[in-house]
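By written order: A, B and C. Residues from 1 in each chain.
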Amino acid sequence: MSTSVLFDVPGPRARLRNNIITLVSAVVVLGVAYLLISGLADKGQLQGRLWEPFLRADVWTGMIIPGLVATLKAAALSAVLALVFGVVFGLGRLSDHAWIRRPAGAVVEFFRAIPLLLLIFFAQAGPATLSGYTVGVPAFAAVVIGLTLYNGSVLAEVFRAGVLAVPRGQSEAGYSLGLSKSGVMRLILLPQATTAMMPAIISQMVVLLKDTALGWVIAYEELLNFGLKQIPANFGNLIPSAIVISVVYIGINMALAHLATVLERRSRRSRGPAAPAGLAGPTAPAGPPSAESAGISVVADSARVE
Amino acid sequence: MRLRQFGAALLSAATLVGGLAACGSSGPSSALAKAKDEKKLTIGVKYDQPGMGLKKPDGTVEGFDVDVAKYIAKELGVPESGITWKEARSANRETFLAQGQVDLIVATYSITEARKPKVTFAGPFYLAHQDTLVRADDTSITSLDSLKGKRICQVTGSNSWKNIAEGTNKESKKVDVTLVPAGAYDECITKLKGNALDAVTTDDMILAGYAKREGSALKVTGAPFTDEKYGVGLKKGDKETCEAVNKAITKMYQDGTIKQLFEKHFSGTGLNFTATGAPPAEGCS
Amino acid sequence: MESLLDFGPLVQEFATILAGFWSTIRLTVMSAVLALVLGTVLVAMRVSPTPVLRSVGTFYVNILRNTPLTLVLLLCALGLSDTLQLTLSRDPGINYYWWAIAGLSAYTAAFVCEALRAGINTVPVGQAEAARAIGLTFTQSLRLIVLPQAFRSVIAPLGSILIALTKNTTIVIVAGYIEASAVMKQMFDDYGGTLPIFLGFAAGYMVLTLPTGFFFGWLARRLAVVR
């Protein structure tokens, strides 16, 4: 990074100053780390008794791994359904017919505007009340429905932006070959849009995976539920368990995010010379970069915080 | 051709969603009928309550409530292998019963007037008492009165804190306490050990379970101030099952099983089995 | 069946609902301000000449961005506040309120940092080179040349971060603080999960999020850097 354009190659004084800053910040970082660890040790949170369960095979096979599987199962099913939802409603919003375009737009805007937790609560409690308590929604289904509706709406906007960002010449060429409207969409626009939007789609998947954690609020037995309820109930180690579970989540999400970066690099390579890295070095996949130029208010995906 | 495949994929996805929404709907009308016909029951127990209902790493559940549930199921004609365990939390017990997601609930479930309109209760099968758990070195809390000005744990969906703050206890005494919200009793224990609150107060059996797990750091004060009638929760109006469960409870007291189960889970915690017979049944409604 | 379309509960509990949404707004505004400050500091660290600061910034962003918010909030409330006894107020209610804000802003700051970094990348290299050529130091060029342009180009993403933050405040339900979604949960338990209650709360959130979206869209167009 010594070639960054934001600062000159350091001279003797700058080097000295850098070294001092390095020293000071290292001391601060180590100090904070020391305070955290000694604080935890002080409160008896570092006792072997509390951490030993994570070395036992049955805790992993009986709790953490089943929890992880449940998390991934909910995430995978919701991801597939959300993609379908996204394609249907994203293209619906691009329809030439107002009677398709308007309702599709309303549905997407509605589910994008309300918190996921509200959707999950209602997905669980709503059908039961509406049917006079004859239909029960299992926690798994409530989580999947909530995740599908919310992430599907976000993906709908991603697909729409992707389709609009394909150069107009592409669809014009398609029409001049005699393709129908749906032919142009299916054979020309959608494949290009999907490739271009792949990084954005994957980072939405990271969001989706993290959001499965909300399942524990309605007692879906996923990773967080095991980590914060069942393991601490057995061993009385809430804090150590929460830390271990965080590490598992971070590992999986970083792997997914890495996949997004790799895919982005590949798609960039296949389209020609790599864009020069900007002032701040390569950023994580930043979503539909061309959304703005297409005149839509879809925003960079690094911005999705849920 | 490819369009048709795409359409088929969409259709199957739609069916899947429809299927998800439909599953979980209740079958036979009463839990008893289901027990007799299918030899199966879904029972809601706590998964995170040491001593009462706790899921172990090997997937089995154990605890006083769990053993009582097994006994009742056996009396209804369902073997242990026919029981599907499901996690019941304080906040979702009524919903689970109303939606038919569980057939019966044995999960530290006290019979209260407030719950009766939503739930049919069989039992009670045990009379517990609300007590207080404090740090072992804390000598300032000895009774209900001494909780005045202390920080106690307020668990969402549980009634225990109301008994103190709103005076619904034996002595009808409203005690002025500071409430500290928490999502579950395990969070309370973490807060108690970390000095973020002074006392966790709920049913003595629950507290004894925690005291046993935590060793010498915490103690139960042994000054009970409510009667908690532990019942078996059933879907509202399921009188048939209720009568059958009541019979099973009477038998459990007659053959001494209840004392055995109690001692299996709570011996050595300072909690003693004092009941001489089954607590008077509340009547099914 | 008529009870299923009963908007009565919404009227009866109107004061509670308003109080819930007021908590949501307070949480959102406080966390947004703190997240913006912290995010700007983080992005300055990530492009700074000091390697240690850069790696600390990167580490922070990677950890916070990949942990579910639920866990972040729980670790704040149960870990930092209860176990390590870093209390922010003697009153438990106020203490958990501030820890909820701390957790929300720590989490959101990672996203603000990434958005700003993407914004810095849109600033033409020539701008930074010109800044160096006229003798500005790193802090000066960041403060006077690069960041102002970066901010203007990421108004829209920052707006959607704010919207996401508004919706994310629902999750403080796990940290023991009561806001709008907790009120809805309680009403579902009391009155059943009826459509009117759900629609009422959905409308409440839409009142908060939709205008925010329009406002930031307008602001982004107004402040866009013409290149």
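As a working rule, a residue touches a chain if its C-beta (ideal position, glycine included) is under 8 Å from a C-beta of that chain, and two chains touch if they have at least 3 such contacts.
These numbers come from a predicted model, not from an experiment.
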Average the CA atoms of each chain to get its centre, and name the chain whose centre is farthest from that of chain C.
-> B
Have a look at A-B versus A-C and report the one with more C-beta pairs in contact.
-> A-C
When the centre of a chain is set as the mean of its C-alpha atoms, what distance in Å lies between chain A and chain B?
-> 36
Separation of chain A from chain C, taking each centre as the mean of its C-alpha atoms, in whole Å | 16
At which residue positions does chain C touch at least two other chains?
-> 78, 83-85, 174
Which residues of chain A are in contact with two or more other chains?
-> 43, 124-125, 128, 238-239
Can you list the chain B residues in contact with two or more other chains?
-> 95, 187, 190, 193-194
So in the complex, which bits of chain A are touching chain C?
-> 1, 4-8, 10, 14, 18, 21-22, 25-26, 29, 36, 39-40, 43, 45, 109-110, 113-118, 121-122, 124-126, 128-130, 206, 210-211, 213-214, 216-217, 224, 228, 238-239, 242-243, 245-246, 249-250, 253-254, 257, 276-281, 283-284, 286, 292, 297, 299-300, 302-306
Of chain B, residues touching chain A in the complex | 2-3, 6, 9-10, 13, 16-17, 20-26, 47-50, 54-59, 87, 89, 92, 95, 98-101, 184, 186-187, 189-190, 193-194, 210, 213-214
Residues of chain B touching chain C in the complex | 91, 94-95, 151, 157, 178-183, 187, 190-191, 193-197
Complex interface listing, chain C residues touching chain A = 4, 43, 46-47, 49-54, 56, 62-63, 65-71, 74-75, 78-79, 83-85, 107-108, 111, 114-115, 117-118, 120-123, 125, 128-129, 132, 137-138, 141-142, 146, 154, 156-161, 163-165, 167-168, 170-171, 173-174, 181, 184-185, 188, 192-195, 198, 201-202, 205-206, 209-210, 213, 217
Touching chain B in the complex, chain A uses residues 43-44, 53, 56, 58-59, 61-63, 80-81, 84, 88, 124-125, 127-128, 133-138, 141, 144-145, 148, 182, 186, 218-219, 221, 229-230, 232-236, 238-239
